[in-house]
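We just call them A, B, C, D and E in the order they show up, numbering each chain from 1.
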Amino acid sequence: MIDVKHLDKVFGDNHVLKDLNEHIEQGEKVVIVGPSGSGKSTFLRCLNLMEKPTSGHIVFEGKDITEAKSKEVNQIRQKMGMVFQHFNLFPHLTIKDNITLAPIKLKIMTKEEADKKAMELLKRVGLEDKADAYPAQLSGGQKQRIAIVRSLAMNPEVMLFDEPTSALDPEMVGEVLDLMKQLADEGMTMVVVTHEMGFAREVASRVMFMADGYILEQNTPEEFFGNPQNDRLKDFLSKVL
Amino acid sequence: GCSSKSEETKAAETTADTTAETGAESTAAGDSGKLIMATEAGFAPYEYTEDGETVIGVDVDIANEIAKAMGKELVIQNMTFDGALLAVQQGVVDFAAAGISVTPDRQEEMDFTIEYATSKQVVVVKKDAGKIESVEDVTEGTIVGVQMGTTGDFYCTDDLGCEVKQFGKYAEAALELKNDKLDCIVMDSLPAEQLVAANDDLEILDGELFTDKYAIAVKKGNTELLDQMNEVLQQLIDEGKIDEFTINHTTK
Amino acid sequence: MGNWLISAWERIEKAFLVNGRYAAYLNGFKTTLIISLFAVLLGVAVGLILAIIKYTANHVEKNIILTLLNWIANIYIGIIRGTPVYVQLLIIYFIIFAKMDTSPIVAAVLCFGINSSAYVAEIIRAGIEAVDVGQMEAGRSLGLGWGQTMISIIMPQAIKNILPALGNEFIVLIKETAIVGTIAVRDVTKAAQNVGAITYDLLPPLLITAAMYLVVVIILTKLLSIFERRLAQSDRR
Amino acid sequence: MGNWLISAWERIEKAFLVNGRYAAYLNGFKTTLIISLFAVLLGVAVGLILAIIKYTANHVEKNIILTLLNWIANIYIGIIRGTPVYVQLLIIYFIIFAKMDTSPIVAAVLCFGINSSAYVAEIIRAGIEAVDVGQMEAGRSLGLGWGQTMISIIMPQAIKNILPALGNEFIVLIKETAIVGTIAVRDVTKAAQNVGAITYDLLPPLLITAAMYLVVVIILTKLLSIFERRLAQSDRR
Amino acid sequence: MIDVKHLDKVFGDNHVLKDLNEHIEQGEKVVIVGPSGSGKSTFLRCLNLMEKPTSGHIVFEGKDITEAKSKEVNQIRQKMGMVFQHFNLFPHLTIKDNITLAPIKLKIMTKEEADKKAMELLKRVGLEDKADAYPAQLSGGQKQRIAIVRSLAMNPEVMLFDEPTSALDPEMVGEVLDLMKQLADEGMTMVVVTHEMGFAREVASRVMFMADGYILEQNTPEEFFGNPQNDRLKDFLSKVL
């Protein structure tokens, strides 16, 4: 589904991603872990071109999106939902309008269709009573669930998560992870940067360890946590587990 | 941007083939139906305000006669004295009437009508101050208050070499004088009388520092307007109207 | 003490009531407000263009035209912010308008409008940049274009930063325009000077004028802060 | 084109070189700088007192004297910020100093210094409040007193916010003082007007003056931003 | 050592602490957990009068400190070290000066003594090479360890910690908790607000659950986590464990 070929990213004189080559299959749940500043977010953001690769190619569904024009890029992004650490809900819009804005503006749905879809999704996450509330009236966990719902409203084919629970109070982490697990069970292709090792163990089909712009090791969760090979990974796991 | 534009205008005066030229001529008594006068309304009885906004005075009465004769509406722009001279020189306004003395320097930059009033420049001092006893005492080193750009300003600065303080309004100079920060004020005798009348502790010294004559200034080369004005002025002088205006504005 | 009061009253009477002089102050203040209002409108129009040039030049991929426009905008802003508005006023009135039949009020509006535009440009740019970058990212990640995100998501939020600052710019202009008397505009300060010139007593007219400015500025500041609080609340319904 | 150049050169020559007129501009600019410098110093002195009153009134337990001082400070600041500096200049020069033998330059320094103080007070207060509240908490939690924490911990950090803003205030004053010609101070703008009144050609003197302001403002702004960068770096050695 | 009697705290019309009565013994390690906004920080900050109680008394070593004058309060605070979520190191001072500032200014030590003590403490946490560095040059974990050292330099009798690891990257949490465990082992009296349940289980002599301004339950870690009574606590633990 996604092919990453010789991906390099340089910020100024900071070489952040170094010749990465990866392949992500439809339906896979890839979890990326690694120390701060290792390039996890940058890698994720290159996948939907939020960050323009310095060199290399990203092939999505057979199409080289690094060559795409900006209109095409917008269309490709509709198929790749993205969830951010700080939610990034639109504070001036109600919850429903947050969800329906993009489908309506992009003429993917009529207002009625979008509203219906939004209410379905809200019901699913148990927040239908918040449809007319504003983001500031929600708790962190609620906000993040709405952010996920907002992405889902576009019917994406893959979902990218960048530390979706890092900004949450501990008692709200669970509700967001639960929603993500449901998505995984339904077969959604997912790439998740997270520090929640429990989630990785339980949900991931593959866990990747990034450090210094390299993917140093990757494996099934059992092998990754049970039998790490790389010294940096061993050290990392000893600190976070 | 702005520098090249006004250079163009200057050139236009002689070449007369640029578009800026046509725009310029229309202002100077052209087709607008308005006659714009520049003045500085702090020079009673020639120009002043009673109510704080409507400019009246001898010069205004004359200007009204001129406008009437030309069938135009008089518009008065009340600015600073040096600004008024510049405005007419630049053609921002049609003419300037502000008790303007005719000097050779000014004649190089603008054209003047016939003289319609005689100006005696006198010396105003604070009573019993004792520093300046007669007009001869105004010499190098005397601290003199003047209105910026007036003949008094130039005379005291260039001819006498006094230490000159420039003001926008005589009222401001009067305050300074009362507070002993000036030795004297040099100004026209008629406004000086009004000034002294309003300030008990000031007086006019006998005799005059120098005399000059007032005329109305128009933009250099605007002979059409100049001729029309001269005609009206001559008539007013002949009929004794100007003396009448002066009396009107001084005996109230 | 009684004498002092009577003389103070007489001075004020002479400065304000005699010959209907109060009308001069009121008309003058109307002129002050008109000039400030139109100047701020002109400032917003020109400032918006400058802000868009500067913002896009910084946040969109570079191209030659944009670089050139940005360069011109920077020089324009640099010159206006680097010179006194008083000098600008003199230049504009006596030189730029030398050949046109322009009323001094129009010249004043143009001068303060142009001056204001350099500051308004910064207000607008800062207002846009104060919106969290995450908002642009969220919009783009949903597939919205740069312009769509700008219009539907960034601008509605930026406007809440910008409007109060523009209100403040209007208040600043009311005070700054006090110098327009120099170019024959009859604003309230000029009215005070005219009255002072005839009564030979400058203090009362100046104090009356200062009081008028003060009252208007305080009222506008108050209204502005109420408006600002309303705007801030509208996200927290 | 050649003619045009020659005539432009002649006008500039007349405005700048003839009769050694350049000296008038240079002396004028010296006056401008002196007034601005002393005004900013006076502004800092008075503004510091105002800022301390306002800060302590907000952050220390209330008492009557402090409340009263705070009230006076607010009125002072309100009046100064609510009225045009031009009107303040006229009032101060013609009235407050009417009875004393004060040079107009001193009056100008006092006027702009007093005006500046109301703005400097806000600069200082904001500079102090921009320091993270956690710093005061950390200091107090170690057993340091309020004053000790203020002096050893808050102020050294606040100064890095305040100094650049004060530099900016100096630059603003250089431009604002262009109106001092009104009270018979021969600053650079007045010099230009005087030359213009003699040559009847105001454009060249005004442009020369504008250029002088522009050059000085650009240089000072540049120096300020270098200084600011140095200050910001000093924590990241 | 610390007696809390009828402690109430009201912010505006927000009643944050409701008639709390507690006793903390010398050498105890009290860990406070609870949902966001329940008043944990406020309770901790009342103990050293960083927050002035609305009513009630705090008795420290037999002295009612709520009645103390501001000079005395300063002296009492010297005996109660406090560590903050965001470290609050002094950015304009070197690490050594951060540590020695208070002892020197308060004339508890001479400059030489303070320097010596600072170097000893730095050696203990393995950061002696950072003595002349500035806070901005340190990682989050290093900053927090310095903040703890800064408090220790005053030889406090009790240490208060307010979520000391919440602002840290996950791989740095360990080094701070390790230092806190050492302190506990050495017998320091500690009151710790934290979301690290592992730390609570391992180190606490007593765990307290706060919600809505009340202390709803407290017990030994074994009982607290193994056999919670209160429904709110059960719900809370189900979310965070």
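Basically, contacts are C-beta pairs under 8 Å (C-beta built on N, C-alpha and C of every residue); 3 or more make two chains touch, one makes a residue touch a chain.
Which chain is which protein? Per UniProt: A, E = Amino acid ABC transporter ATP-binding protein (PAAT family); C, D = Amino acid ABC transporter membrane protein (PAAT family).
Computed from a predicted structure; not experimentally measured.
Visitor: Can you list every chain in contact with both chain D and chain E?
Guide: Chains touching both chain D and chain E: none.
Visitor: Note the connected groups of chains, using the touch definition above, after excluding chain E.
Guide: Contact components excluding chain E, positions unchanged: one piece.
Visitor: Name the chain whose C-alpha centroid is most distant from the C-alpha centroid of chain E.
Guide: Centroid comparison gives B as the farthest chain from chain E.
Visitor: Decide which interface, B-C or B-D, involves more C-beta pairs in contact, and give its chain pair.
Guide: More C-beta contacts join the chains of B-C.
Visitor: What is the chain whose Cα centre is as far as it gets from that of chain D?
Guide: A
Visitor: Cα centroid separation between chain B and chain D, in whole Å?
Guide: Distance between chain centres: 36 Å.
Visitor: Indicate the whole-number Å distance between the mean C-alpha point of chain A and the mean C-alpha point of chain B.
Guide: 79
Visitor: On a C-alpha centroid basis, what's the spacing between chain B and chain C, in Å?
Guide: Result: the chain centres lie 34 Å from each other.
Visitor: Please tell me the distance, in whole Å, between the geometric centres of chain A and chain C computed from their C-alpha atoms.
Guide: Roughly 46 Å separates the two chain centres.
Visitor: Multi-chain contacts in chain C: which residues touch at least two other chains?
Guide: 91, 94-95, 192-193, 202
Visitor: Could you tell me which residues belong to chain B and also touch two or more other chains?
Guide: Those would be 2, 6, 86, 90, 168, 172, 175.
Visitor: Taking the top-of-page definition of touch, could you list the pairs of chains it picks out?
Guide: All touching pairs, sorted by chain label, are A-C, A-E, B-C, B-D, C-D, D-E.
Visitor: Touching residues of chain B toward chain D in the complex: what are they?
Guide: So the residues of chain B in touch with chain D come to 2-3, 6-7, 10-11, 82, 85-86, 89-90, 105-106, 108-110, 148-149, 165-168, 172, 175, 178-181.
Visitor: Taking the touch rule as given, give the residues of chain C at its contact with chain A in the complex, in rising order.
Guide: Its residues touching chain A are 132, 134-135, 137-146, 148, 152-153, 156-157, 160, 234-237.
Visitor: Please give the residue numbers of chain B that touch chain C in the complex, ascending.
Guide: Its residues touching chain C are 2, 5-6, 9, 20, 23-24, 26-27, 32, 34, 38, 41-42, 44, 48-53, 77-80, 83, 86-87, 90-92, 168-172, 174-175, 195, 198-199.
Visitor: Help me check something: in the complex, which residues belonging to chain C touch chain D?
Guide: 78-79, 81-88, 90-91, 94-95, 174-179, 189, 192-193, 202-203, 206-207, 209-210, 213-214, 217-218, 221
Visitor: Of all residues in chain D, which touch chain B in the complex?
Guide: Residue list for chain D touching chain B: 3-4, 7-8, 94, 98-101, 104, 182, 184, 190, 193-194, 196-198, 200, 202-203, 207.
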